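Listed next: structures, encoded as structure tokens.
One chain, chain A, appears in both complexes that follow, with chain B as partner in the first and chain C in the second.
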Partner chain A sequence: MSSVAIPARRSTIRRLRYAAPRVFATLLAFVLAAIWLGPLALMVITSIKPNKEFLNGPFALPIAPNFDAYQKVWEGLNFGVLMQNSLLYATTGSALAVLLALVPAFALSRFEIPGKKYVFALLLTGLILPQQTVLIPLYATLRFLHLLDTRIGLIIVHGVYGMPAQILILRGFMTTIPREIEKAAQIEGATDFQIFTKIILPLSIPGIVVGYTLNFIAIWKEFVFALVFLNSESILPVTVGMLKLNSDRYITAFNLPSAGLVISQIPIVILFILTYRGISSGNFVGSVKG
Partner chain B sequence: MASVSLIDIEKRYGAQVVIPKLNLEIADGSFVVLVGPSGCGKTTTLNMIAGLEPITAGQLRIGERDVTDLPPKSRDIAMVFQSYALFPHMNVFDNIAFGMRIRRLSRSEIESQVRGVAERLRIDALLDRKPKALSGGQRQRVALARAMVRRPGVFLMDEPLSNLDAKLRIEARSFLTKMHLEVGTTTVYVTHDQSEAMTMGDTIVLMKDGVIQQAAPPLEVYNEPANMFVAGFIGSPAMNFIELSKAGARLIDPAHGLEFEVSERLRTALEDFRNPKVILGLRPDALRPAPRNAEPKGAPRFTIDVVQHLGHETLLDASRGPHRLVARVSAGDDSKIGEVRAFLADLDKMHLFDPDSGVNLSSRYAQSAIRPDPLGSAV
Partner chain C sequence: MVSRTNDERYSFIAFARNHVFVTLFGIVTPVLLFACFIGYPIVYTIYLSFFEWNGMAPTKTFVGLANYQYMFGDKYFYISLTNNLKWLAVSLAFPVVLGFLIAYAMRVRAVYFPTLLRTAIFFPVTMSLVAVGLMFLLILNPIFGAFDAVLRALGLGFLVSEWFGDYRIAIYTLACVGGWAFTGLPMIFYFAGIGDVPKETFDAARIEGAGHLRMMLKVALPQLRPVTAVVVMLTLFESLKAFDLIAVMTKGAPFGRTNVLGYLVYLESFWNSRFGYGATVSVAILVLSIAIAGLLLGTVFRDAFDV
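Take a look at the complex of A and B:
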């Protein structure tokens, strides 16, 4: 170690220089968090304030928090049924999308298919196209199949619409499975189907979980398809069901939609808490390799 | 146990011929090593025997059966991969039992077989572990157990020791050799390491560009290499090659004052050889510096460039003009860098090669009709 005394000033300056970027990053993180969480916080606060209080001061904390809004919304909109429907569409629609995607994803990850590039282009188009562009064709198809205003109809739509994204995610995962493992299974006597079920599927589970979760959240938030393809109140999901609050009677009651929103977010928050560590660990993000 | 016969085997990828006609007989119970540089076709050949690569043309027989078009599971083979290819989501027991479960053997049968092999390979304490909790050597033994438990007719091994560190590799080498002696299954083993090939095989099959350069027992490949490629690949440090001109029964380079006498047994071959130039091949252990006080007149003289003391022996790098050589001498040698010394060559260990084709003039290959083409051909 050096025996030369370093003047105190210099070392403080050095410490500041090292700390500065970190301090800046922390500040930035706080600002971003405030921007993200602000509206959510406002939503929660608004939901437990009586409406008059909100009109007086939107950002003020509630004097006496009450849950009247929650009760009103739950009973008035038959929220239980709405949540059930949303749950149904999200769980089954997502499952269908994943199921449909498994075999194509495997094929794309392994085989040299002529025109593979075009298949990828097609899939990516499926991702980019907004829902509005396929509304009319889907409507016509559902009507032809007598599936308008049915739960099954919407589930099928979600399944098919989510399939391209699932194929891309799963394919990325499957390319990380070493080929030699399949060769070894082949030599051990496994048929192609057995290789798929006993080797590929178990090893793809992380990818399936990621894909399913993302699709679940997407369907839960989904509005357009449900709005256009469903009519009967009993089968509406939360997103469309809450439209009732837009009618003249309720439009000024800010606490009601806030309460509705808070309730509808709870399953998503739970799901996210359960799975976020897996998704954010990074090695699950399937990259699309040409 | 079964023999393996490759008859006129060809492998083509589209228009590109990777392996022109290949013929090889692997005797029942033998340990055959396919060795060669990267891209020589050894792994492709192994994969064709396994059924993982389709055979473009020719016939493959295992035992008495024509298996050319059969899938891997019908060929009665087992394979150990370089990366072991263990199933990461299963524990050791399930990995070993995989094949038997596919074939729906009874639980008790599977239990006893798996434990039996595991005990033999000393991995019975690891049966509950998953591959990621195992060391490299342990994983290798699990891969071996998985192959052995099926009691196949042929073992196929694709560089199974490449992923092990040097010390473990030597242990594993003798382990595999002992296993072969005990179990006696026909084994086809691929490696790029020539010392592995020498120490493990009954027969070495040296390949280059898809063509077999020589297929013979290790000592024969070492002492009677068919051509320059074989001579230079097998043996470490590599054989020295010195290009010289014919002068009766001597080989000379007058420009640099080099003169080598050719032994009796090579004189006829040398005489019959038309080309005025010949390549002299001498292994490092066939050369040594003459004692300083007894240098024969006319002995070739080289300048010492580098002296490497290995402890048990010493390697001398020497040169003369464009000619370079490496000599392996006793540890007591006291040559100094820059010193010029006369070298003695062991006449019995001399080889002569055709500078154009690389063929060894002194071996029977020069005379036989089956001349391995060391330059390889893609036709």
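Take a look at the complex of A and C:
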């Protein structure tokens, strides 16, 4: 019996020796996760903590939690309007970007176009360009077109600046669509347009969803363009409207800015949960690499 | 799809004639849009840098290189430039290295619950930097902030500082907050990249008795050069266009010590109405981006994309 038990015990030890560094690494990982999740959790806790419990310290759990801060900040900052505006910019701006990118992505994934590499170079320039470099001329152009401080002006800018990334993402996706179907269609005499609308477009829907989502998040986060090109309170997006939380009036009570932060992030959290698998697995990275 | 025998003789005109739809909406439209909204603004910025203009007056005054002369004597230009470089250094040392380590640890299954870690680190990438900035203003608040409280509880009270008030560390505080929000991106890129490395490579190295350090340095990193090149470029441009966090958290304070080039452009153009000088600083950002990117692609990453 003992001759059987010894290898068993040895394998337990071996398993422990194998697991020990993994447990240690996991502990480290928990510390890291705490550094990344801690601030977010803290904001949520602070936002439902009544103001009078504030002096109990940042980590004291709320004794009588309530949502007063949410109501106050929602009304004080006119969050309803801000959210509507941000939603409008993010949905339409991303739609425009994807729309503009679809045929170029088709062209770059399927055809040997003379001068293709120059088109790619242009796209990359658009992708990496620091926004500040074009801020002044865009400001002047929008003013010339009477689009400064208008919703449509900002949407156009977002659409055009979203286009390069969308072309790369969609092109990456379309390259993976097998060519046999369109070859058959071609033999039947289908035109490029028919191949695009009947075959490529329906098969590209997963890619479009990923690209649209990434663009939506990018516009929801965007700050510089909206800050410079918009002025009227009624059309500001959340990022610019939220700056008010940084005034002394709000910062004296931590629960108000915390509530504002949580509100501003809710749509993205919903989107994040819905599309989590597609985005954080990094599947889109391959297409960005070109 | 397009069958042809001679690459050289195949001209764009011939292609356009055969593929009207693709040429019109696939090439001409995006190139025109690019020209109007991206190309023209770049050229116009360079043009404007030779003028003095308050942004309102119908006429601009040609001043030659005066704006450039002024820039090279401007104390705030040098402060901003140095701050951008410090930001870049912090971003390369903290989010990029950490992102790689986490991605590696998850891929070789060195930790349990890799998904939890990945989600936690990636989530801030989806947050607006305005929200991130406001959040850390509360957390790093010198009186009521949670961060100082944690330091004191861990017996590290001596580390507590004026995170934004001390001009020597304020820019690093900002860069670290930026790094917190940025780490998820290099992590995802490396995560996808390591996934593409054939598993046999790691297995072979392990059988030969390589430890994790050797596996990272000798197996993973050499195979990941294209990913590293992309990540470093991303970090470079991200650092050079730093703006949001400054605008939310310090507005350049104390004494303009946390100014960065991107914020200087905004201040000079839209607050001081010196659009000509603002354009000049924009050109500096542009030149700097191209120069550093070119330098990196020409030396360290020369062969990164041939793999």
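Couple of notes before you dig in:
Throughout what follows, the second predicted complex is superposed on the first by the 250 of 290 C-alpha atoms of A that agree within 3 Å, B and C clash if a C-alpha of one lies under 4 Å from a C-alpha of the other, contacts with A are read in each partner's own complex, and residues count from 1 in each chain.
In this text, a contact is a pair of C-beta atoms (placed from the backbone, for glycine too) under 8 Å apart; a residue touches a chain by one contact, two chains touch by 3 or more.
Quantities reported herein were computed from a predicted structural model and do not represent experimental measurements.
Number of chain A residues touched is higher for C, counting chain B against chain C. In the superposition on chain A, contact is made by A:203 with chain B only, not with chain C. By the touch criterion stated above, A:192 is placed in contact with chain C alone, chain B being left untouched. Once the two complexes are overlaid on the shared chain, A:43 sits against chain C while remaining clear of chain B.
Of the two partner chains placed around the shared chain by superposition, neither chain B nor chain C is touched by A:81.
In the superposition on chain A, A:178 contacts chain B only, with no contact to chain C. In the superposition on chain A, the residues of chain A contacting both chain B and chain C are 183, 186.
Interface residues of chain B, counted against chain A in their complex, comprise 50-52, 71-73, 77-79, 81-83, 85-89, 98-99, 102-103, 146, 150.
In the complex of the two chains, the chain C residues touching chain A come out as 1-2, 4, 10-12, 15, 19, 21-23, 25-27, 29-31, 33-34, 37-42, 44-45, 48, 55, 102, 105, 109-114, 116-124, 126-131, 134-139, 141, 144-146, 149, 180, 183, 188-189, 191-193, 195-196, 226-227, 230, 233, 237, 240-241, 243-244, 247-248, 261-262, 265-266, 269-270, 275, 278-279, 282-283, 285-286, 289, 293.
Considering their complex, residues 21-23, 25-26, 28-29, 32-33, 35-37, 39-40, 42-43, 46, 54, 57-59, 100-101, 103-104, 106-108, 110-115, 119, 122-123, 125-126, 128-141, 156-157, 160-161, 163-164, 167, 179, 182-183, 186, 191-193, 196, 217, 220-224, 227-228, 238-240, 242-243, 245-246, 251, 254, 257-258, 260-261, 264-265, 268, 271-272, 276, 280-283, 285-286, 288-289 of chain A touch chain C. Residue ranges of chain A in contact with chain B, taken from their complex: 178, 180-181, 183-190, 194, 199, 202-203.
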